[in-house]
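Across the two complexes that follow, chain A remains constant while its partner is chain B and subsequently chain C.
On to the complex of A and B.
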């Protein structure tokens, strides 16, 4: 192989890898970013230092959130005082809770059980205790 | 310069791009599959990209090691160097 051939192969390989990574990122953004249409909306409100959840029928839960397996949930996340972050580690859910702003994120629980919900943005003295329980019913 | 490398690169790139986009095209034109598990999705992505990164790393490092070994200075002629 001549030097030119090797150089072109190298350029091709680098460009190819970049395009591939770009395509994967694009696809991931599309799949994760778009909320499925049949999602049930839950209003999530963060404040120092607890979580409030409101179901579509108006029922409110504090410190725990009850959902069902096989349904899709969309969270409308906001905060009352300072910036928090809504995080369900096991389900790879994480979004900032910002006062005066509603952020969206969705997830679909597929296993019954109890999972951790936590604040993931330092929000003051009791930030470390700002947890809630996600209860997934069968 | 012959056209071989350019042609080869164009073909290779086309194949790469198509292989990367085919799942996207499939889901865009086909039926939308069942709802994804975010966690599984994220970890799959992580392993996939880690595999790619390691493959690239192995090729680059392997090439370097090969070149260094292949063209190592077996017999240094000090006279020539010092002139």
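On to the complex of A and C.
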């Protein structure tokens, strides 16, 4: 076999692996991309350097978010000044909060407890401590 | 050829020369000045993160300024000028032409770097090297951000002028005896990155002007308060800087193709597939820019398109790695400093490439996006691969430039400290990302795992720093009083070295 043939066979194998990775990634993303219909909408507003959460009944929380186990929540995420990113690490919730846009993401808490909410897009002086608490009640 | 130390010339003769070796030397020396400055910045950042809370830097905005200038410096004042310097030295030699096609333009392109660098360093902006609006419009204090914008414009122009020069030199001034498919792969890599620069950079240049008029308040392209869209900037930015990632990488690939066959004493395994991989990557690199923006709220279709575009670029890099390993396989390998650095670079290239595939897979991207994983990933590529191979090539060019040999023992020490240091810093940063530590933070939540890994990373960074001090000492000492090199074959590999008897510089 010529050297070029060997190289192409090897590339074929690499392409095969990549198609496999791409296919399972695509399938997983398709599944989590669809928001369930019974989701409760919470408006999330980011600004330098704190988070505001607004429940459907109009109650607002600053710096902490209280949700219940077993319910499904949809976040409408936006920002007032610069770009931030809404991130709940334990639930792999991650979406940019962009001024002038509303981005959507959903999650379903399954264990009670207190979790971290943080900003993951550089937003200036106090970016490092732009955090909030997620309180999941039983 | 310029053998600077053996036959010293007055400084002004080098400074005002337009000869390709002189301009090349200026480029290389400038780039080394900036890797030491940028590296010092990195050590300050790592020292601050060694312990949680306020340690070294009392003001978070100073921390933000330092990482901005560190990033800008390393990309535009280290990787790009070093590439231009080596290409200036070698492209005319390899295609057998007396000089670059436009020697004066070459000199102009170099002399745009010092003013650009001065603007970036004197401004000391805090926008991050990406300068995303609206932060860079609303919150970044002037004149720092304005100086950054103009500094980058000048550096971009320098890079465009240099690219035009390389394209014309390679395509028009090549010796008729060398057909395109016999050119060294290093020349191919420079040709490819020059075309990529010409295709990619204008977009960012336009975006910078728009950003500047937005800052002046006369337009609102990226300002949501005036009806603009900040995401538009990110598209323009990454349309330039995703191809730019490969512009940083491909010269190192070309250098590895230069070194691996020589030090393995075997011909390249498959020259044709090397050329094909370089040219294909030039095209495909323009199809994956928005994977830097997957979390900005893109539609599922957009995400799929850019995942496929990103995955499509992987086989080309895999082809290069395969080619190098197959070339070295069964060869009589001589582990001189250049070869050690190239092999270290290839090992870490594989690691960062595999991490890149993981990043591309969509659901995983949202775990790693904007965390320290990303910092680890691109540093492993830019430091672990590109810079390691650049150091290897510096050792390889050392006899050509100085006519002397470097200290081999110190070069070995430099390699092991750099290699181990890189692993300690950047692999650890990958894991820090999985613990959700965001990037660009002055302080972090000191859970035991995060604390320990930050400390490992800081210690690794200082090992790297000491390695760089050894390197600096070796370069200075050896160019002043190293052993004279045997210029025909300084590395004793039975290969003809570059022609050092070029006509005297004009």
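Definition applied: the second predicted complex is superposed on the first by the 119 of 138 C-alpha atoms of A that agree within 3 Å, B and C clash if a C-alpha of one lies under 4 Å from a C-alpha of the other, contacts with A are read in each partner's own complex, and residues count from 1 in each chain.
Here, contacts are C-beta pairs under 8 Å (C-beta built on N, C-alpha and C of every residue); 3 or more make two chains touch, one makes a residue touch a chain.
Quick caveat: nothing in here was measured; it's all calculated off a predicted structure.
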TODO: Please work out whether A:8 is in contact with chain B alone, chain C alone, both, or neither, and reply first, second, both or neither.
DONE: both
- [ ] Considering only touches as defined above, state whether A:123 meets chain B (first), chain C (second), both or neither.
- [x] second
- [ ] Pick one for A:87: touches chain B only (first), chain C only (second), both, or neither.
- [x] second
Task: chain A residues touched - chain C or chain B, whichever exceeds - done: C
Open item on the list: If we overlay the two complexes on their shared chain A, which of chain B and chain C does A:30 touch? Say first, second, both or neither.
Closed with: both
Open item on the list: After the superposition on A, what does A:96 contact: first (chain B), second (chain C), both or neither?
Closed with: second
- [ ] List the residues of chain A that touch chain B in one complex and chain C in the other.
- [x] 4, 7-8, 11, 15, 21, 24, 26, 28, 30, 32, 92-93
Task: Of chain A, residues touching chain B in the complex - done: 2, 4-5, 7-9, 11-12, 15-17, 19-21, 23-24, 26-28, 30-32, 36, 72, 90-93, 107-108, 110
Task: Touch list for chain C against partner chain A, complex - done: 60-61, 64, 126, 128, 132, 134-135, 138-139, 224-225, 228-231, 269-270, 272-273, 295-297, 300, 303-304, 307-308, 311, 314-315, 318-319, 322-323, 326, 357, 360-364, 366-367, 369-371, 436, 438-445
Task: chain C partner contacts - residues on chain A that touch it in the complex - done: 3-4, 6-8, 10-11, 14-15, 18, 21-22, 24-26, 28-30, 32-33, 48, 77, 81-83, 85, 87, 89, 92-96, 98-101, 103-104, 116, 118-129
Open item on the list: Touching residues of chain B toward chain A in the complex: what are they?
Closed with: 1, 4-6, 8-9, 12-13, 16-17, 19-21, 23-24, 27, 35-39, 41-42, 45, 48-49, 52, 56
